[in-house]
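Every chain is named by a letter (A, B, C and D) in the order it is written, and numbering of its residues begins at 1.
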Amino acid sequence: MSSADDSVVVRFVTEDDKDGWQRLWKSFQEFYEVSFPNELDDFNFKRFLDPTVKMWAAVAVNGLSGEIIGMVNFFSHMSTWDFKDKIYINDLYVGENSRIKGVGRKLIQFVYEEADKLGTPSEYWCTDESNHRAQILYTKIGYKAPKIMYKRNGY
Amino acid sequence: MSSADDSVVVRFVTEDDKDGWQRLWKSFQEFYEVSFPNELDDFNFKRFLDPTVKMWAAVAVNGLSGEIIGMVNFFSHMSTWDFKDKIYINDLYVGENSRIKGVGRKLIQFVYEEADKLGTPSEYWCTDESNHRAQILYTKIGYKAPKIMYKRNGY
Amino acid sequence: MSSADDSVVVRFVTEDDKDGWQRLWKSFQEFYEVSFPNELDDFNFKRFLDPTVKMWAAVAVNGLSGEIIGMVNFFSHMSTWDFKDKIYINDLYVGENSRIKGVGRKLIQFVYEEADKLGTPSEYWCTDESNHRAQILYTKIGYKAPKIMYKRNGY
Amino acid sequence: MSSADDSVVVRFVTEDDKDGWQRLWKSFQEFYEVSFPNELDDFNFKRFLDPTVKMWAAVAVNGLSGEIIGMVNFFSHMSTWDFKDKIYINDLYVGENSRIKGVGRKLIQFVYEEADKLGTPSEYWCTDESNHRAQILYTKIGYKAPKIMYKRNGY
């Protein structure tokens, strides 16, 4: 397992990754019990590749098989609390068969490094209260903010 | 009190509101035990007034005295979950002496209405777990999302 | 209001308080959207008065009108973490018209004092996550334990 | 692993289990970063064996090696919400090397069964907010109560 582990590479998506990314994106939606139209996939992927849009996606690739086994989507936004933008990790997903291999950690680590390069090192992300498997990782690679989120009714 | 209440008007900030807004912004920082440089106040206020930047501030004004008694700062950002942007209410503050008058509710209501006009009706905001006074209002005007927020260590 | 406040007296229930206590106990049930049979009221009140049962109730009485305006029910139980028992505040309720007068605080304070006399000074209690009005008081008179409670399905 | 799994037996402690139980009890304390005097261990074990005290302990035993690999301590207490007592699972611990084998589940299941026999089927227990590993199990075998716990300052 350690060799498989070492061979996982995380990199930004390219035009060719659309299918692999979309497969994980669909699994991600199933996990969260939501369903988006394919047009949104296209719109997202276009934004990931557009250098004028501060939204990105990276994938974790099994170096041996070439298979895309994980994805992370993130973007940059303003804040009144800082001159610098913040990076929000919108989505993180690792294929069911590739868990417990440090893939999730590598994906977040990739975002940290890219955020540092961008000069906007502040990142955050959210997860469901009940997603304890994810939180075992998150408490190792970040910290729980003592915040409660409220939303407008109906959204 | 009801006449005072009725006379509260919420509107976008103008150039002339800088001092009144800044006074509340400073009180807000005290409340959250943070302290930002004055340059950030200037930068924020510039963004509020710049029509090319999707960051805004509104103030609640006592119609009788003309005093600024509340403020709300919000901005728009992308999401991979939607074609439309989402509105994040970054800061909400009502002067200590103007609480329990529905001012906080009017400020959020103002954001809802402006968001509808913008075509991006989805809003959300955060508060401290321990800010129960605010949450009494928030549970009436929105709903608690079952989310946990994580941040990168050091940020 | 301060004189009314001063005149609130908290004391253990006596045989004569059954009706006043039961009235609040019913309001308490409405608040929590539960409904217990009258037989349970009888059983509880019997336990409160039985010196061999470590379950007690105290009431807050308006010294001017003699009206019972608040109640607290509590009992003692073992713990593997201590030689001493712990006191659990099972129910706390203040009549809707008597809130914001420090009645809730006086009731908890009464339990603290009685617990000290019993030699079992450790108290705890629970409330609904969404009961922010109560938590404004609780964060002043105690602290939030970083605990999550789980229950058997169906109970 | 399935044979090892099948061979795990959960049963009430007997006089002879003191050392094995105490070893896990000490590990449990390390995990929770607390430290109790040995006299408390003695007091607890005495209560477990005393038929007049409604406090019990059960251990999970590896059927092949005879080793005690898990423990659960629980007791019964009154409630104003029911004629029947409730069972509180005070402590649950599985040895570090015996996790992911269903031992924790078997221990809770044992308590459920004994509680049913006692006629007090309502159980609950608590865990640290940050103990996500435990909560992966607890969400499967029970449900999260929407409760917040408060404690008296200093306890």
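Here is the rule we go by: a contact is a pair of C-beta atoms (placed from the backbone, for glycine too) under 8 Å apart; a residue touches a chain by one contact, two chains touch by 3 or more.
Protein names from UniProt, one per chain: A, B, C, D = N-acetyltransferase domain-containing protein.
This one's a predicted model, so the numbers in the text were calculated from it and none came from an experiment.
Student: Of all chains present, which has the mean Cα position farthest from that of chain D?
Tutor: Taking each chain's C-alpha mean as its centre, the farthest from chain D is B.
Student: How far is the middle of chain A from the middle of chain D, if each middle is the mean of its Cα atoms, in Å?
Tutor: The mean C-alpha positions of chain A and chain D differ by 38 Å.
Student: What whole-number Å value describes the gap between the mean CA coordinates of chain C and chain D?
Tutor: Result: the chain centres lie 28 Å from each other.
Student: CA centre of chain B versus CA centre of chain D: separation in Å?
Tutor: 47
Student: Can you list the chain A residues in contact with two or more other chains?
Tutor: 130, 135, 139, 144 - these are the residues of chain A that touch more than one other chain.
Student: In graph terms, with chains as vertices and touches as edges, which category applies: line, ring, star, complete, or other?
Tutor: Shape of the chain contacts: a ring, since each chain touches exactly two and the loop closes.
Student: Which of the chains touch, listed as pairs?
Tutor: All touching pairs, sorted by chain label, are A-B, A-D, B-C, C-D.
Student: Give every residue of chain B touching chain C within the complex, in rising order.
Tutor: Chain B reaches chain C through residues 130, 132-133, 135-136, 139, 144.
Student: Hey, which residues of chain A end up touching chain B in the complex?
Tutor: 34, 36, 39-40, 43-44, 47, 53-55, 73, 75, 77-83, 88, 90-91, 112, 121-130, 135, 138-139, 141-153, 155
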